[in-house]
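Each of the two complexes below includes chain A, the first together with chain B, the second together with chain C.
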Partner chain A sequence: MMNSMSNVEFLKALMTQSFKLVETDVIDQYQVSFVLKQDDVHQALITLKNAGWIQMSYLSAIDWPDENKIELVYILMNWERPVHIQIRTKVDRNDPVMPSIINIYPGAKYYERECYEFFGVKFPGNPDYEKQLILEVWDDMPPLRKDFDPKAYSDKKFTKREYKEDYLVLSEQNNKKEKREERKTRAESLKGGQKI
Partner chain B sequence: MKQMKLFLGPQHPGMHGNASVHLYVDGDIIKKSFLLPGMLHRGFEKGMERHTWINNISLIPRVCVVEPDINEMAFAMGTEKLLGIEVPERSHWIRMIILELARLSIHLMAYGGLGGPTGNYTLMYHAHADRNSILDIFEQITGHRVYHQYIVPGGVRKDLPKGIEKDIHAFLDSLEKRYEEYRDLGIENPSIVARIKDTIMLPEAVVWELGVTGIGMRSAVGKPYDLRKVMPYARYDQVEFEVPTSIYSDARSRIDCKLKEIIQSISIIRQCLAKMPEGPVRIPLGRGQSMRWTVPKGYVYSPVESSRGEFGYYMVSNGGTNPWRVGVRGASYPQGLLGVEKYLPGTRLDDAALWIDTMGVCSPEIDR
Partner chain C sequence: MKSTKFTPARKLSKEEVDRKWWEIGDFFRRNSLWMLMYCTGCCAIELPPAMTSAYDMERLGMGPMATPRQADILLISGYLSVKSLRRVIYTYEQMGEPKYVVGLGSCPINGGIYHDSHAVINQLDQYIPVDTYVAGCMPNTESVMNGFVDLMEQIRNKTANGWVKYKENYEWYKKNQKAALGEVIIHDEFHE
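And then the complex of A and B:
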């Protein structure tokens, strides 16, 4: 394949001249990340798609409750110039809305549905984003947000199960000496039975 | 004729895993279809945030049931990237042996799985018997048959046992000998060829639209787009292997590529065993504390070439003892969800199981 470092340099030059980057990070020779403002994301994705990054590998979100933001991440891949690009942007956590990218990358359709289900990010432009996908009849906050507590949810949702005490070992009545002897002889008699 | 609704799976010989395909059929032509995931959702991504980095090693192999080792590799590589460490040389080679043995095992299982939808169970029994030999080797190396928890951040758990090379070579020789037999049983068998030839087409445009990777992509595009080649990890740049491709992606050519990969994997394992240096296999990461070590802040995407395509972990650390977020990019996500919805309608009912089988749709990595 071609010289990979030049691919990263090429990408940095391409992105710097077209957009106002919040942050750029070169992770290694095969991976680079750009942090953009929310309004620039679509234009950046179109630019990168035209430059050859025609595969969208992954779309997801990260919850940052302290900053009151949800960070969206798009990962793109070009097999001719092998570099994975992370495009990240932060949206407001109270009302997260990000216009859909299915017109640029049709494969994003189900990733967006999943992202709505697990983070509550709305994707106007995607006709099905509100349909349920994995979680059936979910009635709580989106579960991958940091303030969702699975333990509290399960306590609220399901009745506490009561367990019976182990009869043989824990019951005081059964732990008496003669009972123990009885069990022992019974066990031995069974052993004898097996020999025949 | 009236449209009828049918369910393919979760209880069906052609369905691998707990997912169901809802089909609306007219006669035997599919008019509308979609996948219903969610039967296997166990909250992995949430669970990983609640465990420490090293604890997660026991959780992540469960993300993909039949092919657990790629999960460990992606997670370990991502953690090492965040930590900025390099693992010992010997552990790279051991990792490659494990990954290629796992690739053989899943290819055999997938090829045997072809026996389900096409009704040739002999193939399935033969393939599973050979897979069992691989599980025996895994048991000797790692102590476990399916979920190995062997590749960990910092190297591999322990060195290879003495004399395992002999067993691996013996197995590879026997598999190589049976390779032609496998071809005769499966893709050279006229009764199966009639089912798989020219069915379930995947044109190149569709590949890029969906984002299909792995054998699906390579069999349509005809170029060696394999992560082991284009961005080599471990020591894949130091072994010689070819990436089988084709430019006509029907079910048969995809299975053909899969079988050719078996030969390549055998060759890679032999090269690894020959080239592997001596030395340590693991470096300790916990400075003072064995479990609660921290990982510097950062965002990293760590991809691995699985038997079904690009499989990656997106890992975010905020500098704590637990991962802040781990996202799993399942290799069969695009073809399993969007592919079934968009490109299954128009095909015949009995080809639906072939789509699921030859595209390698794995339901646990959709419900993670």
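And then the complex of A and C:
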């Protein structure tokens, strides 16, 4: 037999012997998630890249305003052993800084720029993480943070079409209201099986 | 006795001659409209049935055109993000006159389901003049075709004059564009 260990077991063994994992979550046989400390992330990515996870699929971020943290998710893929790995780490939300990984995965350059634009995470080491990528001439806080209000921004920025209200809400008419009240009191009176 | 000789028409003034030529031009224009399709949004999915044998746009004399400089209609199909609005304004200003704009779907009218998005503009006619709107989310292909027929009728009645309005109210349009976009010039590393 070629694989005496399953892919997930192999991965778990590999990660546990080299790093102090905060949390491990086996989602299914094709997806595993590891939560690491911020300082371990680069070493973990190097280890995994050497072990065959050569493709960096995505760098995502999650905003946790209650914990005052921003969680970064690096998603890796191996074409020999079909497991998607999520490397998760949390950075401070007020001044989010994460050293760049473009020396390990050069393709992460644009993901880091995207992440800076939408979450405001700084990536020192990436020469142009501050350059605009998707949002052009943005003039507000990073828009995918939870406390950004898109409606208020849209109202401020874009003119809205005015409509005059020439319709009638039928359910708000008085006789309808009375009928509704009647029905409600009748339903209340029927509670508990008592009949009037 | 009256002369049987052909009496030449009275001399027309320059305006009248111009108007006649415009009418002739409009006749040919409205029967051979070339569309530049700016397929930004989901309403673009209504175009394949409109163009192919189901509704056959060709029978109205309409066809797709690859470049803005040779197109008559700028077709905005669906929502416009701030980023693509910059490109649309560029495209619109490149087009030769007369030019017409058709907005498909409810998003160019009032924002549609993207009315509260940070990235999508709400009212297209604040930024470029729109001649015909086709409402619906998304509009039926029949209404898309009907929108084109409406546009042809408007050209006939000389009411499709959005491009004239754009020239006359250029400052107003530019002011709106600046207010929404910050700046209209595209700074883009792939063009630098």
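Throughout what follows, the second predicted complex is superposed on the first by the 152 of 196 C-alpha atoms of A that agree within 3 Å, B and C clash if a C-alpha of one lies under 4 Å from a C-alpha of the other, contacts with A are read in each partner's own complex, and residues count from 1 in each chain.
Methods note: contacts are C-beta pairs under 8 Å (C-beta built on N, C-alpha and C of every residue); 3 or more make two chains touch, one makes a residue touch a chain.
Since this is a predicted model, take the numbers as computed values, not measurements.
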Partner chain in contact with A:Tyr30 - chain B first, chain C second, else both or neither: first
First, second, both or neither for A:Lys131, with chain B first and chain C second: second
Chain B versus chain C as contact partner of A:Asn174, first or second or both or neither: neither
First, second, both or neither for A:Pro150, with chain B first and chain C second: both
First (chain B), second (chain C), both or neither touched by A:Asp139: second
Chain B versus chain C as contact partner of A:Asp63, first or second or both or neither: first
Chain B versus chain C as contact partner of A:Thr159, first or second or both or neither: second
Touched chain A residues, chain B compared with chain C: B
On chain A, the residue positions that both chain B and chain C contact, one per complex: 134-136, 143, 148, 150
Touching residues on chain A, where the partner in the complex is chain B: 1, 4, 25, 27-28, 30-31, 33, 54-58, 60, 62-63, 73, 75, 77, 79, 82, 84, 86, 88, 105-107, 109-111, 118, 133-136, 143-144, 146, 148, 150
Contact footprint of chain C on chain A as seen in their complex: 131-132, 134-137, 139-140, 143, 148, 150-151, 153-154, 157-161, 163
Contacting residues of chain C [partner chain A, same complex]: 82-83, 86, 109-111, 115-123, 126, 176, 179-183, 186-189
List of chain B residues in touch with chain A within their complex: 37-38, 41, 43, 45-46, 49-50, 81, 208-211, 213, 223, 225, 229-231, 298-301, 303, 310, 312, 314, 316, 324-325, 327, 329, 333-334, 337-338, 366-367
